[in-house]
Each structure stands twice: as C-alpha cells, then as structure tokens.
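Input: structures, listed below.
Heads up, the next two complexes both have subunit A, just with different partners, subunit B and then subunit C.
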Partner chain A sequence: MSRTTPVAAMPMSGHTPDTGGRRLPRVLHPVAWWIWALALATAVSRTNNPLLLFLVLAVLGYVVTARRTEAPWARGFKYYLYLALTVVAIRVLFRAVFATGITPHDHFLFSLPHIPTPDWYAGIQLGGPVSLEALLSAATDGLRLACMLCCIGAANTLANPKRALRVLPGALHELGVAVTVAISVAPQLVQSVQRVARARRLRAGRNKGLKALRGIVVPVLEDALERSLRLAAGMDSRGYGRAGTATRSSRRITGALMLLGMCGLCAGAYGLLDATTPTFLGLPAMAVGAVLCVAGLRLGGRRVSRTTYRPDPWLLPEWAVAGAGVLSAVLLFSNVGYNAAELNPSIYPLSWPTLPLVPTFAILLAGSAGFLAPPPTPPNPIAPRQRAEKAEAT
Partner chain B sequence: MITFDQVTVHYDGAAKPALREVDLTIEEGELCLVVGHTGVGKSTLLGAVNGLVPHFTGGTLYGRVTIDGRDTATHPPRELADVVGVVGQDPLDGFVTDTVEEELAYAMEQLAIPPTVMRKRVEETLDLLGLADLRHRALHELSGGQQQRVAIGSVLTAHPRVLVLDEPTSALDPTAAEEVLAAVTRLVHDLGVTVLMAEHRLERVVQYADRVVHLPGNGQVVHGAPTDILRTSSIAPPIVELARAASWHPLPLSVRDARRAAAPLRSTLAGTTPAPIRPTPATDRPALLTARGVTVSYHGVPAVREVDLDLHGGEITALMGRNGSGKSSLLWALQGSGPRRAGTVRVTGAGATHDPHSLSAVHARRLVGLVPQTPADLLYLESVKQELDQADSESAKEAESSGARSILDRLAPGIPDSTHPRDLSEGQKLALVLAIQLSAAPRIVLLDEPTRGLDYRAKAELTRIVAALAGEGCSVVISTHDVEFVARTADRVVVMAEGDVVADGPTSEVIVASPVFAPQTAKILAPLPFLTVDQVTSALESAAPTPRDGEDRA
Partner chain C sequence: MGRCTTTSGAVLAVDFSHWGGPVYRSCGTTPTTGYELLNQGGWRTTGTGHDGPAFICRIGYSGQQGGKQYPTPQQDDCVLTPPASAYWSYWHADPGANSWEYSQLGAMLYKPKPGSVDLWIFGGTNIEGTKGRPKLTPDQLRAHNTKATGKVGTPASTDRAPDLPPGTDTGPKAPEPKKPKPAKSASASPKPSKSPTPSASPSASTSPSPTAALTPTQSGPAAGTKVVDAAPAADAKTDAGSLVPVLVGGSLIVLVGGAALYAKRRRRTE
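The block that comes next holds the complex of A and B.
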C-alpha cells in the first residue's frame, strides 16, 4: 500500500507526456475529477471484498500517476497513502486490544494479557485472546475506509483545489477567496516558523517549554498578521469586492430566500428520516427548500460582477471521466449479474474471497479515466526548435 | 492626473499630522519620484493616491485627493482599481493566485472584463514585461526581479492610468533592480503611464525621473524638477553630492552627463592618490576565523561550494552577489547554526580554537554573532527593556561583557526602554538586534543584508557602528547589494556566484573592476581610483592650492 506496491512504484509518467495519442495536453475540469472520485468512493462503500479493494487502490494509483501534473498539490498522494495505512493499523490494533465479538469457533492466534476492569465497566473487555477472524474483519473494514480516503486524496491530487473553488456560485465568491487565501497562507506560515525557529538558536534562547514557544509564536503571528494586512490592502486595491448591480432591497430578498430555503432543507431532511411525520414534510419540503436556495444564490450572485480567465471547458473527456466514475458506482449498487454476497465475503466461517466479474469490470471501468482524460500539461514545455537542437546534440 | 488639494493626514493617536497641507498636481505621463527619510510620510502620500489612506489604514484625511477626476473620499480603493495600480515593497505579499498567468488575470477578473479581452491583455503584458517564458511557473519559484515584474504586470493588465510603486527595488540585487526599472521606464515612455514611485536608493532611479517630490520631514512637500530639488535636498545620491562638491551646472543626473561634466575634475585629480576610506589594517594579524572547503546543500542542490575564507580582526568584509548566490547560507554555516555538508570552520577565541557548529548555541554565539535578514525574528517581548534584560540573562554567563543597554546606547542613542520593538524603525530594530547579539561579546559579527530598507541616514549610522566594531578588533562581515554602502564601509569585498567565491580582494580593486558593482563616483571618475565623494572632496581640499598656484605662475 505504500511506495513498494507495484502500482505506486510505477515510473511517473508525468515527465513523459502524451500518452493520449494525438490529443492536446490540457487540464481536465476539476469538477469532473471530483465526480469521478466521489462516485468511486461511493462504489467502495458497497464492498468489503479485499480483492476488490486492492483493485481500487491499484486503479487509483494508476490514474494518479498517469494524469497528475507537476504542481505542488499534485505531490501529496503518498501522504494519503500513509494516512490510509495508519487507519488500517489503528483499526486492527483497537480490535486486538478491545477483544470483542470472539466466538468459540474462531481461529485463535495469540493472547494478550487480560486487564481486569471494574464492575461498572463490565461491557468492555481489555486484552484477552485475539482471533484471526476478528483481525481480518477489522483489516477489511479499515481497508474500505482507507480506499475511500484515497479516493478523496486522488481528487485532491488530480484537480487544482484553487480552480475547483472557482466553480462556486458568485454569491459564495467571498468564501472561495477566503479558502484560497488560507491555502496559500499555510505554506508561508510553515516557512516563517522554520525561519524563526532557526533564528532562535542565534539568541541561544531556551529550546524547551512555554518561553521557547512564545519566542516562536509571537514573531510568527506578528509576521502573519502584517502579511495578511498587506495582502488585504493589495486585494482591495486590485478591485476585490467591487460593488455589483445589487441594491439594498435585492440584498434583503437574497437573505430571506436563503433563510427560507435552509429551513425547507432542514424540515425536508427531518421529514425524510422520521417516518411518523406527515408526508408533505418530506420530499416536497426538501424540493421547495432547494429551489429557494438556488434562487437565493442566483440573486446573490448578481451582487458580484466578475469574469473568469480561461474558464475550464466541459467537453467530451469530462463527460467520459465523470461518466466512468458514476457508471462504476451504479454497477456496484445494481446487483445485476453477480451475487451480492460476493461483495462482502464471509468471515464466519472464513472463506477465500472471490473476484466477481461485474464489480471487477466496474472498477476497471473507473480506471479507464487514466486514458480517457487528456494528458496533463508537461511541466516545462520544450519549444519544437529547442527539442530539435536537443535531438541534434545527442 | 493626480491632484492633492490642501491634503492633511492625521493618524489617530499621532502627535503630528503625517502630511500637512499638501498641494500637488501630477500630470499625465510623468515619472514622479518621492524621496525622503524613513518615517516622513512617503507611504502615506502613496497610499492616499488610491484611497488606501484613509479607507484602509484609518486616520483622517482633510482636503481632497482626486485621480482622473474621481475623489478618493467617495471611491474606496477597489473602485479605483481600474485607474490606479499599486505595487508594494515585497511582491510575494500581494500575490493572490499561484501561477504567473493567473496572477496577471486576477485584477481583470475582479473588474469583470470579458474573457477574450482578458486573454489578449495577458499575452500583451507577458510580452511587455518579458515574462512570456515564465507564464506557467509558480510565483514562489521566481527570482526577486521576476516576482516584482509579475507584480507590476498584475496591476498593468487592468490598464490603469497611474502606477504607484512603493520601493519596488529595495529587496533586489543591482541587476534585478535594473530589470524592474527598465520595465517601469518603458511603461512611461511607450504607454504614457503616470508613475509615482518611492525609492531609497536614488542613484538607481533619479536619472529617469521627470519630477521629484521631496518630503523634508515636517509633513510638507516640496516638488519640482529633479535638478532643482536635488540641488538643496537633504537626500542626494552620490552623483549629486559629487556635483555639489565640484559645483557643476546644470546638475548632472546620469553617469553619462556627469562624465562629460567631469573632464576638468578628472584632470585636476589626476596623479593624486585618494585617501584610504578606512585606515589600512595591519597586515600580519592572525585570522580569527578560518573556513576551509565549506559546502552547504539543500535537498542535494549545492548552495555553497567548497568555499575557503579567512576573517581577520579589525576588518570589514562585504559579501556580494546576486539573490540566491549562497551568501546567507555561507553566513549561517560560518555561525554554526546553519547546515554544513562538508568543510571545516575554526574560530579562535579565548586562547583556543573551536568549531562553532559543534558547540552549544550559547557558546557559539559568544564566538560568532549573526544578525539575520529579518531581525524582527529575534524579537518577541513587549518592550525594548525586556528584550535587553533577556539578552543580558541569555549571555551573562561570563560577566566580562557589558550590558546590552549600554551597547544599544552606543549604537543608537535615545531609544526609550518602554517602546515596543515592533514600533521601532528598521534601523532601530537592526541596532536593537545587533545590541542583543553583541551582548555576548563575539569577536566575529555577521550581518545578513542589513541595508535592506534603510535610508541614507540609517546607512551612514550603520557605517559608523560597523567601523567602531572593527576598531575594537572585531571582524565584521556584511552581505549586501548596496554598492555605494560597500564603497564607503568595507575593506574587503567577496563576490559569490552560484555558491562559488568568484572574487576576493580589497574593495577598491574588486568593485571598480566590475561594471555592475562599481559605485557612481568610480564610474564618473574612471580610470582614477576614487570610490566615494568624501575621497574626492578631501583630495580637492588638499590639492586646491597647488593647481591655482600653477595657474597664477602661468
């Protein structure tokens, strides 16, 4: 699951672009990647079969290595893999320590020292015998969660988070900018912590305790505050937040619409989940709420007048990638052509998991995003003339 | 284009107004230079142009500021974004997006310019500022000069009629500064953009200015043609000081004009040997610090390559080189706090030699003191007194060193105990941190770019401080981009490029030989070996009787 798996260790094809035939390299619409990844995560939630789960990881690894760019955010997939590994480990560890659900027919592996618990704590057992079945079920559960995490990680790696925020409706523009600024401030904060910590040594200040913390936190925060004030001044003088066509009354209407819409959504959710409520409180309330919210967002969007530079197009590859993801989720939920029990192989009694044909096909279908998406822009495009010169030189 | 009508700016809680009854009209297409010492209200004047003062900074503005007919009282900065573009001192602070192209488009997106127009303007701006090769690069990967050009481009795409630049070159090495200034002059001459620019290092820009606005410090403003204002202003680049000393009329502002005016002066000075800028240090002093084969690398990329360096007591060394040439890495490695991949550093102190890298931080700073690039990183307490007391307690293990307070009084007299360190000027902050570092009584003092953001007065102070330290037998190393400062201050210049030492020798030999690093006086008087105006005036004074006698006899 870490670097050593064959998939993750594959050569990074980001350096050798154009695996996509004659297609021009370009960046896929970030929303397409998010739909693809979320659909795949939904599909994963359906199965407990370790073979299928490993297949999903392999597919994610392939798509990420094939279609990620060289940008800073695209280097983070391995951290999601570490996180996934941690999730599995914690899951297994807890299951071993809190030895629950052991039946007499289990295959016992080893026994942890039993820690006696007081009477009022009787429900939970600490330590005791550990069985193969318990560990396996914990591991597959953890693996499923890990796969879903990796799906999100893949979306974050493949789509530029800042470009993804651009699709927010105009009314939420301020929110998008706040998140964008926060994203760019975080690395600067890390840098200034490193710089100040290094400078601390020059003063031979104490390295431990509250005083040392203060010596680092105070300059860093002061630095960050000053920097953000300068950034705010810069954004203001570059036209951020210019008044659009909205008037006072339209702003009030926007507020009212949003508030009513939110109420509708809440009531609808409540109605749907609680069977005893009258039917009009269910889907109808939810629909009305949604309509009101959309209207509010549209009206609020008029307040902000701005345009987008080089908007990402939504073309055939976007449809294909999003479609592949959605189709795989639909196949895994449809129960057509395979036995649903194969998705969740039995642990009691232990049996070797099988690889059902249709779900395997569904997951491989999601993997086709690796070549359905256009190749990413190479990091430093070499001009044809330079390329010719290089060829001559070699 | 820009009109100040009886403008007075008063910040809340300030005793005196920052600007007082300023009347100023700047015509279209002018390059107007704002000069003055630190803290006289330059930033206030520039900020008032697009309404950041007082809309953003607070305070009260009396009178009226109009830009292209729009009153800043009724137009907040964002409503003026299509008329005024503002570029700050540190370009990284103002970047909102992360690649060059998106940054250029940001202001236009806010102004709701149609995508097709946007695309065209971005391409034009990329060409105009020579950024086309960098269009997809991440902003933080660019060099300082490139970043500053992107910052200028990012406001230019909105097609503003006025460009306000607050010290755009203060963080840049001489070549990068030339790059930025060339871009600015091109905008003025080709596009007729009105530029209002504040700059400390006048020698770089004064020749391009159509008009100079001088803030003498009482809140008022004197403005006029550069030659008129600079003839009497308290701030002047070396070229003007030289012209005053030699009483040239009209006042030359470029090296070319000055050289043509200087022909008689050169013949007068021919044959005279300039007085040494600093007393020549004794030749047989032992080295206080010996570095051999020092190598520093980050993630496998070498920053310093096998540098050998000897530092002697009583000597002031200037470390020069473009941004990223390894100056800071070398200083940190010499101090022992920074990483060092290979090589040895031996420091002689208290009768024994040590490697500061292997000592504890407390002992290392008693051998070598380093003032980092941003001195404020070391300050974290509420008052100057607390900082100084803390410094004493940090370094008072051996009582031989004098208290930090008395050092600070020697370096920069008159800083009250109760002041908050953040309220000090750049020069005072530097003095405070230097006092803190000197309280440990190191024999070797390293200063990493101390001249950044200092005005002429503060630099003269720094020269005095550094000379006093050298007089006490310390060895001082200053990394800097400021050639005029180096010419006045240093005994020896070490030039670095790509981690190598490419030149090492006495100041007069190293900097005169280089077209980039030569100070203005040297350029004007070449081939005569004069570096500073002081040398010329003293030579003129001592030589004055002789040629006149000769003339009389003839």
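The block that comes next holds the complex of A and C.
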C-alpha cells in the first residue's frame, strides 16, 4: 500500500502537466479526493465565519483548477458554484420574506409590505421590516451550506466517478443499478447540460431566457437518467452486480444483515442527535448496526470474487491528500489554539469577524492538496484535445 | 424593583442557577412585549443565526460580570436552534395567579399584562410539561406592594431603547387594557411601604452581584435559590471588533483566488 515511487515522493510546488515536469502525471485515486472533500465539508460545517468560508471557496477553486482532468465531468465546477449561489439567494430571500423580528438595536434596511396573520398563526410573520443583521446572518448561513455543496462538487469534478465505483465493496454489487445511478447522476447531469447547451448552440437556438431554460431542463434530466441507466446496463453486462456463486439463502442472509444494519445505523444516528431518547438508542445501536453491516458486506463479498484490470494505486500522494483533508477537519473540531467563539462571529450585535490562526492554517493545509496531488494526465498526449473540441463546437 | 406593584408593571425574573448564579428579578414599568421587558435596564439577549433575534438563545445582565451572556459561546454557539434539552424556557404567571404557564408565544409576540411575572429558566423541558418546571412560585417573585416605592418620580434610567422601525409587527394585542401608571399616587405617599421579601430567601435584598465566573452545575437548582433584585443599569458595551482581521483574511482570499485564476490561465494557454 505505502510503496512509493521516487518520482511521486519528490516534493514539488507548482504544476507542470507536461511530461517535462519532475513528477509523472497521473490520476489520483478517486477515494483520496472523496476523503479530502468530505473532510473539508465536515470542517466547513463547524464554522459560520465568512472569512473562513470564502477562504474555503478560494481553496476549492484553486485545487479544482490546478488538479482537474479534461474529462467531461471535470469541467462542471462552475455549475456547482451556480447551485451554491442559488442556495445563498434563496436563504436570504426567505429570511427577508418570513421576517424573524427586528429589535431596536438592529440596523434597519427596508420594509416589505406586511401581511397580517391571524392570532392562532402568530408564530409566523410575512413581510415587515428587514434588518441588515437578518440578511447577513441568512447569507452566512447559506454560505456555509454553499461551501459544503462546493466541496461535494469538487470531489465530483476531481474524482473519476466510474473509477470510484470500482472500490465499492462486493456486497453492494447486488444493488448495482441503484448505486451506479446514485453515484454518477451529478457528473452525468453536468455532462448533459454541456451536451444540450452545445447542441442548442449548433442549431443557433437561444441560450438565455425562460424559454431556453425549458428547452434545456427537460432534455437534460432525460439525458442524465438515460445515460446513468446505460452505464448501469453496461456495467451489468460486464459482470457488475452478478450474484456469483451465492446461493439463494446466503443472499437472503446478506440482505437481512444489511437491512438490519442500516436500521441500526439510522436508529443510532437518531439517538445521537436527539438528547431525549434513551441512551441505548445512541452509540450502542450505531455500533450494532455497523457490525451487522460489516458482517453483511463480508458475507456478500466472500461469494463474489472479482479481479480489477489496472487497479488505481494508493501511494504517498493519496495519503498526503486524504491526510491533509482529515487533518483540517480534526483541527477545526479540536478547539486547540483558538476560541471556539471565533468560528461563529456574532451578528447580533454586529461585529467584524476575526481570523483565527489555527482554522485558517487548517484550510490552507487542505488547499495544499493542489500541489500534493500529482498533476493530472493530459487527456490525449498526441493532439491538444481541448482545441479540437473547441473547433468542433464553434 | 419597587416600581412594580401588584397591578402595574411586569416583573422579569431570570434564573441563572444552571451556572450557579442567583435568580435575578427586575421590573419593567411599561413593557410592550416580553422581548422588550428582557432588553431593558441592562438586560440584553442574543438570538440564533438560524432564527434571528426573536429566539432567545443567550441572556445577559450588565450588572453581572459586565453583561456576560449565558450560555457562553463555548456551551452553545447559537447558530442553530438550541435543543429542547438546553434552552431558555419562557414562563408566565398572570396577576394573582400562583401557577406558572409555559408561554405559547415567543418573546416578541407576547405582551405582559400589568402585574404579571415573566420567568426565564435555562434547562430542558418535555412536551408533557412535567420536566423543567420552575421551582420558585410566582408569589416568591412577584411584587407585593400595592404602591410603588423608591424613586418613582424619576425614571430609573434615562437610556431609552431606540424606536422600532416602521411597520414592526408587535403581535396580537394584549387582552387587558393598560392600567394608568401609578407614579403620581405613589410619589404623594411619604411613607414607602416596604415590599415583603420573597419567602424562600430572607436575604433577598440587593446583594452584590457575584464576581466569579459562573460555571454550569450538574444538579438542578435547590429550593434555596437566591433571588436577587437587579437594579436597572446601563447597557453593557458591545465591541464591534477590529477591521484588521477582515483585511488580512480578505487579502489571503484574494491571494488564493488569484492562484486559482493563474492556474486556470495556464491551463488555457497550454
């Protein structure tokens, strides 16, 4: 596992995707990118500090531009950014319409027409005065969710979804179609948007406006689902999701173990989050569920023997990228070296956010994945494909 | 405290016993909402990032540790709605009533009746209403004097909260009409009637506020929780912080963002 090549271990900053660089370009293990991104999303969930959140966005942008490939799904980061922007806008709009009250200490901005609600419905207000504090708190709240979305988007952009499917445990192959569709639908959507937009451009169709939106949304959804199903069918025909030599009873036991394990995990998560539930529903239920799931996976995987053609290696860069992500999450949850209050600057009353050193360092550490990862493989070493495609498109 | 009587003003009581502190008691002579009662005379609250200022997440009194608000940011970050196991629950007792009623309205919508008591307790409650009930009775907290005492002719504090912005919904109308202020008749009486101290604590007169930082206690408050009258005080100073971290952070973001743009341009030219 930890076998390293001298080329990959060489420290290097900057990015030279050409073959003259000091590191051999190759694609990082998809799981390493997923661990990195999920850890960064976990770290983001801890803070509401706009400085840190914008820093996370900048770091994501840097890593994605520096280390993405030229594959179709790797050009979709801007769609995740649009989605993030929509999230923030919706959050701010809802906060303005469903007023949460204004105090004399707040900075009054403007007033929306107030729609009176009956007394028995007094808990909800529609319209009314809107304060700067209300909008700012909604914006930072939305920005946090937007950052988490962008982390997932970065993972989808950086990791090859089809190669990520290979590392799924053997027992999950029973759910072949569902798993394939679930994992690949976001990258497929991005690809479909690009394909449909290009087709419209070729036919000199309108690319903006509400009419164009309708012309894009329906084909995109149809196309994405169809392609996911086609991928699932293609994988099925190559033996993915094959039951192998498993007997009917062993498959049933596997299914029962998995189902019970999942129920245990759900109950455990509920018990952990709701403080009023009895204690046995928390960690113990979660542990039992995890054990059952592992047992089911082991039992199911024993029957299916698979070989992998050219498996993705897990070398030092993979350890470094995944470690940088996990370390940043650990630092943000450790409360070491900074005041936890600095992660959530006060909005009521309004105050300037501070820049705590350790969390800033943690986020920059996660950004070091931009040069810890090897440069991506050029799509086609012989001909610059991007140019060719551009010429094709216009 | 003497400004509140059995028929005028509303008594505000805040129970800090979760952190080993006393139950503070103060009087709002003309509160329009429960929120305003809790944000006057040195009292100040903080809402949550998710629900806005109307959800009372922290309560602080400037006479206690310079207005430090509880729960502290270490105990609850007040970003999301606090859990039902640890929040400020809001209780009312109507004039004359000696039982607590869990508030059906938020602090910004509820209008305290003259002579009523508002109590805030930190802790957990359940839907059945069996857990987290106040240990003190309303009679231990309410004003028992029929006439206002103390310097009633002058306002306790000239600090006035700024006016509400236009169009603010202050909720449904209070069911009872406001009684006239007792200030005139009270100032005429030369002998101020001493208000009976709450029976639970014989030494309930204004005692110096504790200086040591309050720490959360595991067990709930005992019956002997101290009731302390909180004198009206000026608002605690709030610090808006410095602009330097914002500038440093902003330049850092621009730096990393610039690196991203540079990487993008390099890709394009390759």
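To be clear about the criterion, the second predicted complex is superposed on the first by the 243 of 394 C-alpha atoms of A that agree within 3 Å, B and C clash if a C-alpha of one lies under 4 Å from a C-alpha of the other, contacts with A are read in each partner's own complex, and residues count from 1 in each chain.
Everything below uses one rule, namely that a residue touches a chain if its C-beta (ideal position, glycine included) is under 8 Å from a C-beta of that chain, and two chains touch if they have at least 3 such contacts.
Since we're looking at a predicted model, the values are computed, not measured.
S.K.: For A:162 in the superposed arrangement: first (subunit B), second (subunit C), both or neither?
M.R.: first
S.K.: With both complexes superposed on chain A, which partner does A:224 reach: first (subunit B), second (subunit C), both or neither?
M.R.: The answer is neither, since A:224 touches no partner chain.
S.K.: If you stack the two complexes on chain A, which partner ends up touching A:290: first (subunit B), second (subunit C), both, or neither?
M.R.: In the superposition, A:290 touches no partner, neither subunit B nor subunit C.
S.K.: Is A:134 in contact with subunit B, with subunit C, with both, or with neither (first, second, both, neither)?
M.R.: After superposing on A, A:134 lies in contact with subunit C but is clear of subunit B.
S.K.: Which partner, subunit B or subunit C, is in contact with more residues of subunit A?
M.R.: Of subunit B and subunit C, more residues of subunit A lie in contact with C.
S.K.: Quick one: is A:55 in contact with subunit B, with subunit C, with both, or with neither? Answer first, second, both or neither.
M.R.: Only subunit C is touched by A:55; subunit B is not.
S.K.: Look at A:377 in the shared chain and tell me whether it touches subunit B only, subunit C only, both, or neither; answer first, second, both or neither.
M.R.: First partner only, subunit B.
S.K.: Look at A:348 in the shared chain and tell me whether it touches subunit B only, subunit C only, both, or neither; answer first, second, both or neither.
M.R.: A:348: touches subunit C, not subunit B.
S.K.: Classify the contacts of A:236 with the two partner chains as first (subunit B alone), second (subunit C alone), both, or neither.
M.R.: A:236 contacts subunit B only, not subunit C.
S.K.: May I ask you to decide whether A:367 touches subunit B, subunit C, both, or neither, giving the answer as first, second, both or neither?
M.R.: After superposition on chain A, A:367 lies in contact with subunit C alone.
S.K.: Considering only the contact definition stated at the top, list the common interface residues of subunit A for subunit B and subunit C.
M.R.: none
S.K.: Would you tell me which residues of subunit A are touching subunit B in their complex?
M.R.: 71-72, 162, 177, 180-181, 184, 195-196, 198-205, 214-216, 218-219, 222-223, 227, 230-243, 305-311, 377, 381
S.K.: Could you list, by residue number, the parts of subunit A that touch subunit C in their complex?
M.R.: So the residues of subunit A in touch with subunit C come to 15, 17-18, 48, 51-52, 54-55, 58-59, 61-62, 64-66, 95, 99-106, 108, 111, 114, 116, 119, 122-123, 125, 128-129, 131, 133-134, 137, 140-141, 275-276, 339-341, 343-355, 360, 364, 367, 370, 384.
S.K.: Along subunit B, where are the residues that touch subunit A in the complex?
M.R.: Within the complex, subunit B contacts subunit A at residues 50, 52, 55-56, 76-82, 84-86, 88, 90, 93-98, 101-102, 105-115, 118-119, 122, 136, 138, 154-155, 158, 332, 335, 337-338, 360-362, 364-365, 369-370, 372, 374, 376-380, 391, 394-395, 422, 436-437, 440.
S.K.: So in the complex, the part of subunit C that touches subunit A is made up of which residues?
M.R.: Listed in rising order, the residues of subunit C that touch subunit A are 35, 39, 46-47, 49-55, 73-74, 77-79, 83-85, 105-106, 108-109, 124, 126, 161-169, 171-172, 238-243, 245-246, 248-250, 252-253, 256-257, 259-261, 263-264, 266-267, 270.
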